[in-house]
Each structure stands twice: as C-alpha cells, then as structure tokens.
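Structures incoming, each one as structure tokens.
The same chain A turns up in both complexes below, where it pairs with chain B and then with chain C.
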Partner chain A sequence: MSDVKVLLKRCPNVIFLFAGLVVLFAVICPPFLSLGNLANLVLQGSVLLIVSLGMTLIMLGNMIDLSVGCLMSLSGMVAAMILAKGGGTFSAILFGILIGLASGLFVGLLVAKLHFPSFIATFGMMGIFEGISLFSNEGSSVYWPKSAFNFVGSGMLFQVPFPIWVAAALFIVVYVLLYRTPFGANTYALGGHEEGLRLAGVNVRRQKVLIFMTSGMLASMAGLVLASRIASGHPTVGIGYEFEAIASCVIGGTTFFGGRGGIMGTLFGVLIITLLRNGLNLMGYSTPYQYCAIGIILVVGITLNSIYQR
Partner chain B sequence: MSESSDILRMEGISKSFGSVNALQNVTLTLKHGEVLGLVGDNGAGKSTLIKILSGAIPFDEGSVFFEGRQVRIENPQDARNFGIETIYQTFALVGNLPIYLNIFLGRYRVKSFLGGWIKILDNKRMEKESWDILQNLEIDFNSVRERVDHLSGGQRQAVAIGRALFFNPKIMIMDEPTSGLAVKEVEQIHEIIRSFKRKGVSIIFITHRLQSIFAVADRVTVLRGGQNAMDRLIAETSLEEVVRAMFGLHVKVALDE
Partner chain C sequence: MSQSKVISRLILLLGLSLLLSLVSPSFTRFDNLVNVVRQAAILNILGIGMTLVILTGGIDLSNGAVLALSSCVSAIYMKSGGSFGVGILIALAIGLACGLINGWMVARIFVPPFVITYAMMFFARGLAYIALKGQIMYGFSKEFRFLGAGHLFGIPTPILLSGAALLVFYFFLKYTPFGADIYALGSDEESSRLSGVKTGRRLILVYALSGFLSAFAGVVYTSRLNAAEPVIGESFPLDAIAAVVIGGTALEGGQGGMVGTMIGALIITVIINGMNLLRVPSLLQSFILGSVILIMIASQYFSGRLKGLPSFLKPLAMKGGET
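== the complex of A and B ==
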C-alpha cells in the first residue's frame, strides 16, 4: 500500500464534512474565502490543535483529561508573572512547560497508581488549577513589558505567524511519536486491550503516566502561545478549551472507548470547529450561536463516524 | 528443594482472593523437555496457578525455583525474561493493532538514534519476521498488517502461538488451547505441542479434554479444590484414575468417550 493511501485511511470521513462546510460558508459569506481570513482561521486553530494533540493521545488510551483548559490558564499566568517580575523569556517558557509536565505526572500517578478514574482525577485538577490561577493575582490579568516572549504568539517567520509553525512542528512530533515509536503502539494497545498489553510485559502504569505528561506538556505549550497572543496572563482564558479539544478528537473519529482514531482526524476536527466559529463570526452570529453550532456538528460528526465504522 | 532434571518447581503455593482459598500449599514440577498436563474441574485452581507462574497475579505464600535457583516472578516481564511464555485462553491479543505489532507487543524491533534516546519502530523487519513465523505454522494469512479483530478464531490462535514461539521460550504455558476447536483443529494443536517438544521446549498445558492429555502429555498433575490431588506419569495411569482424582473418590465413573 502506498503512503498516500495509508494517509488517506488515517484521514477519516471528516474530510468531507470539512469540505462541505468550506463550500457552505464560501457560498453564504464570500469574504470567508479571502486569503486574510483563511490565514486568520489557521492561526486561530493553532492553539486548539496543540492542546487537541495531547487529548488525542489521552483518548486513544481510553482516558479523558478535563484539566487541560485550566492548565493552559495556569501556565500562561505563571509565565506572565515571571515576565512581569523581570524574568527572561527562557525561564517563562521553561517554568510554563514544567507546570504542564508536573501536572501530567501528578494526574498520571493518581490514575495509574491509585486507580482514580481519569474523569474524576482531572475534574478535581481542573478546579485546583483554576483556583490557583485566580488566586495568584487576585483574579485579574497579569501584563508584562514587551519582550521576546511576545514573538511566540504574534511574531512572523517567513511571513507565516509563529504559532502556526509551533503547531505544525508539534503535529509532526506527535505524528512520529504515535505512528513510529513503541510509545505510540503502546498507546493504541492501552486503549484497545489494556490487560493484553499488561500480559505482554509492558508497564501499563508507566505508559499512562507518560501519556498524561505528554498531554500536560502540550497543554502548557498551548497556554504559553495563547498568553503570548493576548499579551497577558489571564486566569480564565483556557476555560472551554478542554471541551473544544474533546470535540475536535471526537469529530475527527477518535472514540471515547480508546484505541480508535488518530491525529489526522483530530487535525480536521480542529479545522472544522475553528471554521464554524470563524464563519459564524463573519456572519455576525455571537458566541452562544457558535456553541450551538459546535454541538450540532459534534452530533453530526459522531453519527457519520459510527456509520463509517460499521 | 529442586532436582537437577527439573526446569521448574513451584513449592507450597497458596493464594486467596478475599475469603476464598484458591490454592492451598500446591506443588508443581516440570522436567526439562516434558509435556505436563494440568487438569482439574472448574474452580480447581489451574488458571490461578499458571497466572502466578506467568506473573499475571501475585501469590501469598510459597516459592518458585527455575533451573534450580529460587526466583521471583512479580510481573509478566519477569516471566518473559526467564523464557516463560504463556498462551492465554483468550489469547490476550490487542484487536485494534495489526498482526505484526501483536507478535512484537512490548518487545518491538526498533532502530535507535541519538545513542538510544530515540527509538523508531522497525516495521519492515517486524513484518518480515512475523510473516516468516506464521508461515511455519501453516495457517493462511493475507497480510501481517491485517488487524487482529478481523481474523478468525484459528488465525488468532496462530498469532498467539507465533508470538510465544518467536522468542525461543524454555517453558510454554498453554491455557485450554483446544477449547472451542473442531476435531481436526484439535489434532493440529496436538501436532504443534509435539513439535515444541521436539525443539526441547518444556510445556504445561491446561485442558478439560482428557483425551488430549493422553494423546500428548508425559505426565499429568491433577488439582482439586485448590489442592494437589494426583501427580503421575501418563504411562502409569488411566483415564479412570485421572477422573477419580479430579472429582473425588466417591464419584461413579462412567466413561463412554
């Protein structure tokens, strides 16, 4: 089988849903197709893609992570406070990412060693992260003097916004991780048949911790890019990303039961959600309508996927 | 203590699940190159005993000697490291992965980069080696890239056997390898067991089919109610004696088979 065919097999039917939406918006609202808007669309999608890559790994392993949105807020707050106190860009990024790794380690240990259901463990962490983010600056945003960190979210490299480069690079890294390494094979096996993986001599607990750490790291990176884009640390900015990430995965064909799906589908899931928001924005529909639309497309996507997989 | 002809000796093994004593002071020995049949009624403790040996569950009391030395088997990886491979009744395959990744599950062939920091799956090599091992088992497969949940029962069993065989085991444990198979397929399994034996592999196999024991085993160990009930060479026992040991002395034995 050629590589193109393998790639196509890994892109589920969401491609058609995506194409349909593009045509729909292009017809109803011609400015949608302008180059400026399309570039903006990809830029808007890059933060969601980064966090959704991690969510895909989690869901392939038959788990869920509700804490990624609030972890994004927290990482952004930490980086902003470091910068505001005169710290460098490097340490802001380093500590932002360390927060993600540490959180992933902690959640992973709760799930793997103490057998917490991931839903409960991450639901708890969601509250804790949000609380700390709000506490840390008494609920208000943190601003910093303009620094190199601003480049992460609003810089341009070869005339392409930097967040797009970050998202593309991380997509490739996660692609290799998932389809070319033992870690990836173990992730699929964990979701497919956990006991089978354990009996094959694989340390299942370690695998779970590693997945949560990877996802935590990706979420904190998304939080850093977002903080840099809005040029501030905002304590509630990440709220809602966990649901959009889960929706992106599900629309893209990754199931709640683990072992099925992949990141090609998630890429299109992210594009579909971003496109819906962007298109509805252009047409003057505000956030409440956008939530409804995402809900509808989620149901449509799941229906299509279940027909497709049968 | 362990005699030098024993490859394995499990001594005084006890295991309870809550208030249920699954195994009480059970002893099991396996000699080099021997085929041992492990039989018993449902709930006799056969599966518990082999799960302990394969590292799937821990035991409460007792000791395990492998090639004369006392060893600790605390997880499936320990058992694999000693060359103890298990073919579970359910095969323990991962349905959403292709055949070749199931064969190499947890023992992937990789190419290392940057001094071992980055390990990339060597899919080509795993596919080729999987194909070769399955060809030896004479069961038809279209491609080793096929996902396991698309395979028939017989093909799945072949994958499970291929996986156990691939890493040159010293001891092969087979849990109910003939359950649910047609007569012709049962004969195939017997032939596979004999071929393992010819390669010098020591085999423990669990079965309900006593005919299988008499067809291929050298010795039989019977468990009843979590305790040793009998241990005899096949040449020195009869079907009737085994059945009596399995169900207790007072059962009236009717052997029509």
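== the complex of A and C ==
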C-alpha cells in the first residue's frame, strides 16, 4: 500500500487526468462504459503495458529506446515465420524472445561500451529492424496454421483474456525486480547519479546492458502477444508503440532525466493512453487524430513534470 | 571542418561512384547522374537544417513529418485556387511554426530534443492525414512546378536552390556571430551561457531554421513530384542524419559543417541510387541507412585505436576536430 501512497503523493495529476478522462468519455459517449468495451480496453492496454515496463526501466536509467516498436514487429515476424514453416509454439516463443535479448545485448553494448548516445543507437537500430522485418517476407504479412500459439493472444484463462495475465505477471516481475533487488536500486541510481554509482563500485556498463536486455525481452514478448492476437506476423505492426510507451512513462511521472518515477505511474500512464485511444476510436476519430492527441498529452505531461520538479 | 576531412569524404564519394559505375554501367549515364544530384539537392536542404541542430548537440526527428504537413496544407490551398506564391509562404510559415514549438520546448522547458521532435513527428504527420483525409493532391500550376522540375540556365532548379541555401548557411555559420555561438553552444552550453551567449534564443532560432528548411525542402519536393500526400518524407530523418554523420559532423555537437553535409548527402544519394540500379530491394533501404549511421559513429570510437590506417583514410574515421 505504501507505494500507492507514494504514487498519490508524487503525481496526483495522473489520477485526476485518468478520472477526468473516464468521466468525459462516459458523458460524451455512453457505450464507453459498457462491460464489453472496458474489457476490450484492458486487453488493448496489456500489450502497451508490457513494452512500457521496459521503457520505464530504460528511462529511469537516463536512456531511451526508440527501437522497441520495430523490435516488436520483428519478433512477431520471426515467430510467425517459424510457425508457418511448421515449427512448434515453444520454439516460436523461444526465438522471438531470443531476438529481443540479442538486440538488447547489442544496443546495450553500443551504449555502454562505445558510448553511443542511446537515442541515436536505438534510432539506427529502428531502421535496421524495420528493414529486416520488411525484407524477411517481402513486405507482406505471414500467416500460420492455427496452433497453440494463438492462445497467447486470444485465449481465455478463468474468464480473463490471456494477454492480461501475461501483462499482470510481467508487471509483478518487474515490480519485484525494480523495488526488491539490487538491480532495481542500481537502475534508479544510474539515472540519478551515474558517477556516484560507479564510485560505489557498481559495474555501470553491465547495469546498462542488463537494462537494455530486459527492455528488449519485454518488447519482444509484447510483439509475440500482439502477433498472436492479430493471428499473423505483420512487418510494421509495432511502429508507433515506442511513441505510446514513452508517452505512458512520461504521463506516469517518469522523467527524461532518469532516477525519478516508477512503474506504478507507468501503469496509469498506459491506462490513460489506452483510454484516450479507445474513447477517440468510439467517437469515430481515426489513428491520426489519436496520435495528435497523444502528442499533445505527451508535451503537456513533460511540461507538468518539469514544473513539478522546479 | 578541416580540409583533410573534406578530402577524405570526397575520396569516399568518388570511390563509391567508381565502384558503382564498374558494377552497373548505367550509373554513369548523364541523365542518371543529373538525377542523383537533383535528389541529393533536396536531401542537402534537409541536411543543412539537421547540421545546424546537431551542431548544438541536438537532433530533429520531425523534419520528414514537418515537410509532409507543410506540403499538404499548401497543396490544399493551391488546389482550391490560391496562388502559388501564397501557397509557398503558407508552407514556410507552417515549417517555421513547428520549428519554433520544437525550439521553445527544448530551450525553455528543457525537453530532450529527440523527444519533442519525435512527438512533433507524430503530431505533424497526424495533422497532415487529418488535413488531407486520405486523399492525394496532384497536378500543380506550371509556375509552381518550375521550382522542382524546371531548369534555369540549363541547370535543374532544385540544384540551384539547394546551392543557394548551402551558400547562405555556409556564410551564416562561418562569418556571423550566430554561427560562432552555435559552435560554442554545441561544445559547451554552460560556459557559452556564462560568457553571455543567449543560449535559449540561439536554440530556438536553430530549431526554427530547421523547421523552415524542412518546409522549403517540402516545397521543392512537392513541386518535383507534382503531388502531395501525408506519407511523403517518412525516411527523411534517417537519410538526413546519415548524411550529416557521414559528412563528419559529430553528434555531441560543436564540430562539423555544411560542406561535409553536402558531400554526405551526395554519398547517401549515390548509395540509394546504386541500390536501385543493382535492384537491391528498396525494403532494405532503412536497414542499410541505419547500419551506415551506426558504423560511422562506431568508426569515430575505434579511430582512436586504429593507428595503422593510411593517413588519407584516417580523418574519415576520426572524431571531428581532432585532426
């Protein structure tokens, strides 16, 4: 409970914004409050939550990862191609996640060992991932014969869609990782004062690589869930998720200067972004409107964060 | 930009062209070469803005989207019967406005440049879609077409426009106090602020110029394509950053310049052109450009260790200004 209190203290604007949006949409667009739509909303949010957890770790460490969206597409494509070639569900998931870990390792080494600015390293990787996933099936989607893999995205467990279980489980794992282990404390310290962490005898490079690997793994898991939900590997399906993930973190109070924020805020940030998209969708506003709205909210969130900190 | 760095990049450009002309003879056909330079002209205009921003230690990921937004809105105006002069002014004003917002957020709210320009990218492209509602605007007046597809004294206009922009900003950087401030700001923001430079205003100016130049490139681009649609320019941030980085401008800011970027734009265009001629699937284009960026930055790092390189190659791999 104490974390909820901390959250309430730290960024009340998040909860007000959340409540405000719920009331607003409920008034403007009554179907919004239907049980079916609310369930759908949580389902939509689950993929975004998985990516955003990784993005929170990255941003707490004072870095950024623009490549997660394209990494999601890529791992979905890889899993789909394995399934389409007759591979098993297990190997599809394994290789999908391995792609995420490998890319996290690579980006982490670029940033930690070669001192690339993280945004440019991941921006370059974004192009690379996009190129590979487009090229791997000549720009078109990959479909597979129905298999156990479809359960990941569209199955039900105890009346609750499976992606929600995955997101909840990963949330708990990252929560424990962040608040109950040295890894978490080091992540906050890395963003708060990198030199201090180094002087305290922590291997800063290894910490950065580990953060990128965790984030890459989470992004590829999100990509797998998404691919399974749309029952195909689509080469550009993940584009834009990095933007939504960054927006979720910022709205949740995680700043771009590291060391501040946390995943409770990110949870609310994800809910707000999903709520916004869902509500605008119901009112008939298409994706471009939604991205404009997210852009505005992102800028407002950044401005509020920076005002609160002064 | 030291002379040896310029020369090393010219060697790279010539080497690439030579290689390409051996592998694919149609590369050296006159019309193909003119085409390459004309394409590079637009990239060069974007590259000028990107160079200014990167010199201050920032980045502008929104140039492609700002280009699309300004082109689309001015296209709507011109197609609804407006004159092309006002249409161009509208485009430039939109670019300037987007750039001002970017700059203001960077300088006054202290938002990291890649974040606000990334948000601007989604915002501007979203607006472009909303403005055009999925249509494509095509078929512009002859006067407007002159900017992108016309010739003046036998030279394609985009090349002249790009050359003019290059000259203006070359002198702007080299011989005005603004230029000196931009370099100072990039190498050490704090000390240049303490020595009396109004760093905030300079930053706003730089981002505004980048937005303005994106819109300018957009006008030329729309005029050449004879069409405007919301998806144009999606690869431009990647292309422009690659051109600037290949041109020897350091991402940390404070080192580099316009001449390098011009050669960088030519190199990138030759690479893209070569990929087309060799029938490398265009789907791989972003893969190759992303790799080029990472390799160029990695080479800056490794250059400190590679002692055995021939001296004319060394500056290519060297961190800017260390010559």
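Observations, loosely collected:
Criterion: the second predicted complex is superposed on the first by the 291 of 310 C-alpha atoms of A that agree within 3 Å, B and C clash if a C-alpha of one lies under 4 Å from a C-alpha of the other, contacts with A are read in each partner's own complex, and residues count from 1 in each chain.
The definition used in the following text is that a contact is a pair of C-beta atoms (placed from the backbone, for glycine too) under 8 Å apart; a residue touches a chain by one contact, two chains touch by 3 or more.
Keep in mind that this is a model prediction, so the values were computed, not measured.
In the superposed pair of complexes, A:L94 makes contact with neither chain B nor chain C.
By the touch criterion defined above, A:A231 reaches neither chain B nor chain C. Residue by residue along chain A, chain B and chain C are tallied for touches, and C comes out ahead. In the superposition on chain A, A:T181 contacts chain B only, with no contact to chain C. Once chain A of one complex is fitted onto chain A of the other, the partner contacts of A:E138 are limited to chain C, with no touch recorded for chain B. By the document's definition of touching, neither partner reaches A:L21: not chain B, not chain C.
Residue contacts after overlaying the shared chain place A:V202 against chain B, while chain C stays out of touching range. When the shared chain is aligned, chain C comes close enough to touch A:M125, but chain B does not. Looking at the shared chain after the overlay, A:A168 reaches neither chain B nor chain C.
Taken together, the chain A residues at the contact with chain C in this complex read 64, 66, 110, 114-117, 119-121, 123-128, 130-132, 134-135, 138-139, 240, 243, 246-247, 256, 286-292, 294-296, 298-299, 302-303, 306. In the complex of the two chains, the chain C residues touching chain A come out as 59, 61, 105, 109-112, 114-116, 118-120, 122-123, 125-130, 230, 237-238, 241, 251-252, 281, 283-291, 293-294, 297-298, 301. Within the complex, the chain B residues that touch chain A are 54, 56, 75-77, 79-80, 86, 88, 92-97, 101, 105-108, 110, 118-121, 145. Of all the residues in chain A, the ones that touch chain B in their complex are 1, 176, 180-182, 184-186, 188-189, 191-193, 195-203, 259-260.
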